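Reviewing the structure listed below.
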Amino acid sequence: MKKVASFKWPVRIYYEDTDSGGVVYYANYLKYMERARTEWLRNFDIDQPYLQEKHGVVFAVRSVALEYLKPARFNDLLQVTVILKRCGKASMEFEQNISRVIKPAKYSLELNDNGELLCEGRIKIACVDAVTFKPRSIPQSVLGEIADEC
Amino acid sequence: MKKVASFKWPVRIYYEDTDSGGVVYYANYLKYMERARTEWLRNFDIDQPYLQEKHGVVFAVRSVALEYLKPARFNDLLQVTVILKRCGKASMEFEQNISRVIKPAKYSLELNDNGELLCEGRIKIACVDAVTFKPRSIPQSVLGEIADEC
Amino acid sequence: MKKVASFKWPVRIYYEDTDSGGVVYYANYLKYMERARTEWLRNFDIDQPYLQEKHGVVFAVRSVALEYLKPARFNDLLQVTVILKRCGKASMEFEQNISRVIKPAKYSLELNDNGELLCEGRIKIACVDAVTFKPRSIPQSVLGEIADEC
Amino acid sequence: MKKVASFKWPVRIYYEDTDSGGVVYYANYLKYMERARTEWLRNFDIDQPYLQEKHGVVFAVRSVALEYLKPARFNDLLQVTVILKRCGKASMEFEQNISRVIKPAKYSLELNDNGELLCEGRIKIACVDAVTFKPRSIPQSVLGEIADEC
């Protein structure tokens, strides 16, 4: 019943991520948050292609709200958190932070607790029909897995 | 003194914009909104590379809030609006909508008034030092141009 | 029967296109070439979603070869050419160049002949089954339209 | 003096990587190859921001040639190889393959030898001045590190 500690996922910054301002292009933080949510689902053994094939549903982003505090740069190692704040019958709401790992281990993606907060996000996800994009209930198998999280 | 009508910019959707859900990848709407803001600035003769070179400042995104109402798809013609809602000494706040043009002229990017609203956004921009990313005043030449807008 | 002059499409460079080297990220030139090919098809009234729905085929990229001569930068206006070099039963081969427009009209995407060549590309496209991605014949309606081009 | 085995880097496929054809967007393979080259350099303790700051040089892509054999899809785990084929005073040439890992360990990026070849690439890199983008010699410290590779 105890809430699990927040899930974390590492993201390394490459040239593809940056823009000519010399920093990470702000729209890309949404990608990093989604990578982390995808891994969070995988962590619960939730297989999105299976959900689509078997239940005909996909998870669609309904709204995003991001605050940018400090810029990330080429070669930075970031860590992205995933916290499920609320979970309804057909929607989920996540709180996600991105911070820069200070003194990362050089050749690994290992995370540590020395972080500098760069970006805070709030993401609302809806379970929708894979074809019509109309709201659908989250499959019971998924709710069973993540119930303890909300 | 009269407020100018809202600025509009066309965006055509290509494969690069879509994802395997069959619709436009949601992070990309931020790019379309920025394309429109860039053209809005150009429309006022505001030259961003000049501002960086001459004044050492760039415009950085401080926060974004987007609501996704309906998905766009491959080949759609979208129109993106730009309304400056608030303008401070060192920041600007924009309201931007994205709608799908219904029955676009086949070979042109001409916009019409038949739109279907897809996405609503609120974007806060800060004027910052191009090197340190610390807040800086918006150059007077820029404020002079956009003053009537806010 | 005369070969039509090469098709050209304008591309404006925004922050999303650049990287922290201060120039356009090289992978993005592939996107600009595809935008131009998509408009080239539209120019012949060839509707890709219709081809997929009616004939069950899509055009897939089989190979690309690009030479990068000079970098493009933020705010540049580029022009992308499309020349169909070869056209088989199930494939097409394109030659595409990207050049920077010198002294573009400030507020328009109008192209002129003053260009500086930035990138040369050769792109092979296959007509494939939309589900299995196995080779399929190019629909006759398409071949009829583009026959004069090769 | 013995040639080291080829360097490999894992890449997980997310929605951001795919297009509405249901497969990975072909331009993105260039990003995966660059991620692997960046990690290959890191593996030799070669620090690109340091090279730029200390020597004023960056590595720029001069040409790419890619063959696409089979498509990758959402959730696939890919492995990208890096082989330095040739190394001159001011340039390097890489051979890079991308394959899909068959039966990957579910929650890790661990690679195995069961691969299905998806894409073959040849990438030429030039060492250039970070400002003018004119050719420059590769710094001796870099050549010393990678000499055994070519």
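Letters A, B, C and D mark the chains as written, and numbering starts fresh at 1 in each.
Definition applied: a contact is a pair of C-beta atoms (placed from the backbone, for glycine too) under 8 Å apart; a residue touches a chain by one contact, two chains touch by 3 or more.
The shown structure was predicted, so the numbers you read here are calculated from the model rather than taken from an experiment.
Of the two chain pairs considered here, B-C and B-D, the higher C-beta contact count falls to B-C. When the contact pairs of A-B are matched by residue number against A-D, C-D or A-C, over half are shared only with C-D.
Centroids built from CA atoms put chain D at 34 Å from chain B.
Separating the centre of chain B from that of chain C, both taken as means of CA atoms, is a distance of 26 Å. Shared interface positions of chain D, defined as residues touching 2 or more other chains, are 15-16, 21, 23, 27, 31, 34, 73-74. Residues 15-16, 18-23, 25, 27, 73-74 of chain A are the ones that touch chain C when the two sit in their complex.
Chain A contributes residues 21, 23, 26-28, 30-31, 34, 58, 60-68, 70-71, 130, 133 to its touches with chain B in the complex.
By the touch rule above, chain C contacts chain B in their complex via residues 12, 14-16, 31, 34-35, 38, 42-43, 45, 47-49, 73-75, 106-107.
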